[in-house]
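So, here's a batch of structures to check.
Two complexes are shown next, each including chain A; its partner changes from chain B in the first to chain C in the second.
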Partner chain A sequence: MINKILAIAKQNAKEGLYYRFDLLLYIFNFIIEITVYVFIWLAIYNKGNQILGMTFEQVTTYYILVVSLNPIISWGINETMGNAIREGEILRELLNPISYFNYYFGIRIGELIESIIVGIITFIICALLFGVLLPSSLLNFIFFIIVISLSVVVVYFFELIIGTSAFYTNSIWGVEVFKRAILSIFSGMIAPISLFPEFLQKIANTLPFKDCIYTPISIYFGELNNIEIIQVILKQFIWILILYIIAKILFNKAVKSVTVNGG
Partner chain B sequence: MIRNIKLYFSFLVASLKRMMEYRVDCLVGMVSQIAFQIIELVFIWIIFQHTDNIAGWNFEQLLLLYGIMMLSISITDLLFDSTYDIGKRLIRKGKFDTILLRPVHPLISVLGESETSTALGYMILSIVLIVSMLIKLHISITVLLIIKILYFGILGGFIIGGIQTIFSIAGFWTYKSNEVVWSVFQLHKLAEYPIEIYNRFIRILITIILPFAFASYYPAVDYLEIEQNYIIYIVPLITIIIWIIAVSVWNWALKKYRSTGN
Partner chain C sequence: MAIIEVKNLVKKYKISEKENGILGYIKHLFHPKYKEQIAVNNISFNIEKGELVGYIGENGAGKSTTIKMLTGLLTPTSGQVVVNGIVPNEKRILNNKQIGAVFGQKTQLWWDLPVIESFKLIKKMYEIPDEDYKNNLKKFTKILDLKDLLDKQVKNLSLGQKMRCEIAATFLHNPKVVYLDEPTIGLDILVKENIRKFIKDINKEQHTTVILTTHDLKDIEEVCDRIILIDKGTIIYDGEKEVFKNKYGKHIIAEFIIQNKNSNITVETIEEEFEIIEENETSIKIKFNHERLTIIDIVKSISKYCEILDMHIQEEGLEEILKEIYRGELIND
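Presenting the complex of A and B:
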């Protein structure tokens, strides 16, 4: 099974990497995004403000990590899935000798290879441009990688849930935007969650998306002790299970009522 | 010239009507564009939980600046949206050859094919932001101010549209959906905030090299009466210069153009 997933991933990654020039432009866009953030915060710090115990170097590092992690977390399968459903490709996909969930997991891994390359290059360029803090310890860096890897799985099942709605609406645009809005606010992409007003912090703490961006960066800075990190990882496993079950139920229901174009 | 402009608008009306056929897509495009902008507004709001001004601009002033940029963007989106996918939609499929045969400048035909569902979203959001912030800042909304806002909004839209048109010629060589134009367009984000926060390099970039700041910052400074500024009077001149460059670059690209067809 793993071989099949990896074969699909390889195929998908090859297709993506064919458009190398596009990848360069994505990196360029990410750098513009960081530039805006860095200069806004610089203007605030220049007045001698100390914001909730974060130094300017930490804030800069925070945004560089956010933008480098952004493609890894938020480029997903939803566009591919939506197009497949709209154009009737879904019929072939359902008859594949590999299950639908595994097939798309392969595609997700393929995308991941692309996004990791974009993420790493963005990180290196921005580190040179703006300066960056290194991870607090090697162990924390390993935990950082583990938490992010699990996040990809959490987000994958969330994407499946969102994608299932395309069976009914035939258009995935609306829900895709909804997904991005939720992700960018409640994962801490727009700002560190500790700077949010209290009621937004409460919502962010109950949703699983905080552990996609904010928590791994806190681990990178060494703000969480080992017990807390283990708790985070356990929580992620529980979320994966919950989202998997929801995705499975919704998907099975949707497939039964599927009316595909041209079929 | 007049004939070209008339033709452009008749092309545009035709393509907008074509788009209106798909009402659901329109609605989704509009709502999602507002949602994207709201993410950014949440960011600004969170920042102002920790400071009372950014480079001397308070929350209301910053949102006014943001709204003015949105207004310019909505005009760009409405009129020049087709600059995005020249390569994919026209060049690769050979459709551009039929456009060349028309007795009108190809640029007019291409720009007239703009169909966008997101412009209305930008427009609604910008009007809400501008009006509510003017009221909050106790700036009296006179007829003169409304005319000024519309005038500079339209010019701002033409400035950004002109910049997009210049870079859209990349489609002649890449034959695909134009990520180049998108990347250049993304630079407008820099001009959503007061230029005082940037270093000299970025200031020069967004006022002289790619003058996005004239679509937002300079009009905003004028409405807010922060200081007497005469720079706003050169906005029409800048618009004209940008378009002279855009048309020349296009004519140059047309000479180099080789059809993909047989």
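Presenting the complex of A and C:
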């Protein structure tokens, strides 16, 4: 099964890389974005100061990581899935010899390959331009990778849930915006979660999205000890299970309505 | 045992009846009203391994609905479908591995990639052994003339080129049963012939069972041995194509090349037992029932009005027979 999923991933990545120019544009965009952040913070810091216990290098590194991780987390299957459902391709996909969830997981991994390429190039260029702090230790770097990988699985099931809504609404634009909003607020993409008011922090701590961007970056900086990291990983597994069950129930219901009503 | 067993199959679609305006919409939300439409009405048939079946009927007769139920994409309202021992809509993935399907213009090929990439993925997804894949690819490339297409991006293919690739993709994993819902729609004659030959060849070699729906009866004439004719959701004929033609094709069409016409034959022969389909100064086309009249009778009547130079005789084809059936002229029993 892994073989098949990887084959689909490869196929999807190939198709994506066919639009190499688009990917270049993304990288260019991300670099501009980071540059803007860096200059804003540069003005705020006015050299040498510390704000909320973070040095300028830390803030710069934070934003470079946020922007580089952003595509890995937020480029999902929603659009592909939504279009497929709207255009009736869903029938074709239900004829595949592997399950829909596995098929789309392959598609998601394909997107991941593209976004990793974009992310790494963005990171390297910005690191050279502005300088970054390296991970606090090799072990922490490995944990960083593990937590991000699990986050991709978490957001995959979240995307499936969002994508399933395309069965009921004609356009998934609204839910897509909703998804992006949730992701960018609660993952720490907009601002470090430690800057949030307390009640928002509580929500953010319960939801799994914090562990997509904010937590891995904290691990990168060495701000969590090993026990805390293991707790995060356990929490991620629990969320994967919860989101999987929700996605499965909603999707089966949607497919049933398709196969009863005839699409 | 039959490879496809269909028993008392019924599909009713629910069509929501919304009243106009926001008020109507809200009303519908709380008291949804549905109208039922019977698309397939209690049909039964068995298909044996290796049969080539033409599934025909007018627009809206229920063909696609039946095919969707056979593939498991649509849940029957009642009745039974068993394909090679599997109930398709209950064990969809298991069923998918043993079937292939083409639905009109929908494609399983990857739009931005060269055709061959899609084939490679199909090989992986269906776990096609290397040997089979190589053989099939070689064979299909030859019959469907794919040599120059395999390296082209799908989005750059013409309709006919795409369909040839699509058909190849559908048969690549040696499916036991293949459903083709209007595979020749919009294609030119040569491509159609190409595809027909392909279906026949593969059927002969692999004993693939094929169910084909089409509005081009040439497809049926050339490919299928058996016809299932569905009308308003009910099967009105199921049997051999030749038997069908003998049973309903009681007419012969004769075309005469004539000269020196002395009057308008159509008006003059209004009493006769034959029908004039076309008439002009140099030719006349006549349809008659060969059980009642002979060609000699026709020649005799026509020669009263003109000089006959030449003639062609043609048995009624499926198309003419079906036209009569659709008009309600033939089947009343």
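Heads up, the rule we're going with is that the second predicted complex is superposed on the first by the 255 of 263 C-alpha atoms of A that agree within 3 Å, B and C clash if a C-alpha of one lies under 4 Å from a C-alpha of the other, contacts with A are read in each partner's own complex, and residues count from 1 in each chain.
Here is the rule we go by: contacts are C-beta pairs under 8 Å (C-beta built on N, C-alpha and C of every residue); 3 or more make two chains touch, one makes a residue touch a chain.
Being a predicted model, the structure only gives us computed values, none of them experimental.
*Asks:* Where does A:T55 make contact in the superposed view: on chain B (first), on chain C (second), on both, or on neither?
*Replies:* A:T55: touches no partner chain.
*Asks:* Pick one for A:N205: touches chain B only (first), chain C only (second), both, or neither.
*Replies:* Once the two structures are laid over each other on A, A:N205 reaches no partner at all.
*Asks:* Regarding the shared-chain residue A:P97, is it in contact with chain B (first), chain C (second), both, or neither?
*Replies:* It touches chain C, and chain B stays clear.
*Asks:* With both complexes superposed on chain A, which partner does A:T35 reach: first (chain B), second (chain C), both or neither?
*Replies:* first
*Asks:* Quick check on the superposed pair: does A:S137 touch chain B, chain C, both, or neither? Answer first, second, both or neither.
*Replies:* Neither partner.
*Asks:* Based on the superposed arrangement, let me know which partner A:N83 touches: chain B (first), chain C (second), both, or neither?
*Replies:* Touch partners of A:N83: none, neither chain B nor chain C.
*Asks:* Does the superposition put A:N226 against chain B (first), chain C (second), both, or neither?
*Replies:* Neither: A:N226 stays clear of chain B and chain C.
*Asks:* Report the partner of chain A that touches more of its residues: chain B or chain C.
*Replies:* Of chain B and chain C, the partner in contact with more residues of chain A is B.
*Asks:* Okay, in this complex, where on chain C does chain A touch?
*Replies:* Residues 13-14, 65, 68, 71-75, 89, 92-93, 96-97, 99, 101, 103, 106-108, 110-113, 117-118, 120-121, 124-126, 173 of chain C touch chain A in their complex.
*Asks:* Inside the complex, what are the residues of chain A that reach chain C?
*Replies:* 3-4, 7-8, 11, 14-15, 18-19, 88-89, 91-92, 94-99, 256, 259-262
*Asks:* Can you list the chain A residues touching chain B in their complex?
*Replies:* It is residues 21-22, 25-26, 28-29, 32-33, 35-36, 39-40, 42-44, 47, 49, 51-52, 171, 173-174, 176-178, 180-181, 184-185, 190-191, 195-197, 200 of chain A that touch chain B.
*Asks:* Spell out the residues on chain B that touch chain A in their complex, using ranges where they run on.
*Replies:* 24-25, 28-29, 31-32, 35-36, 38-40, 42-43, 46-47, 49-51, 54-55, 174, 179-180, 182-183, 186-187, 189-190, 192-193, 196-199, 202
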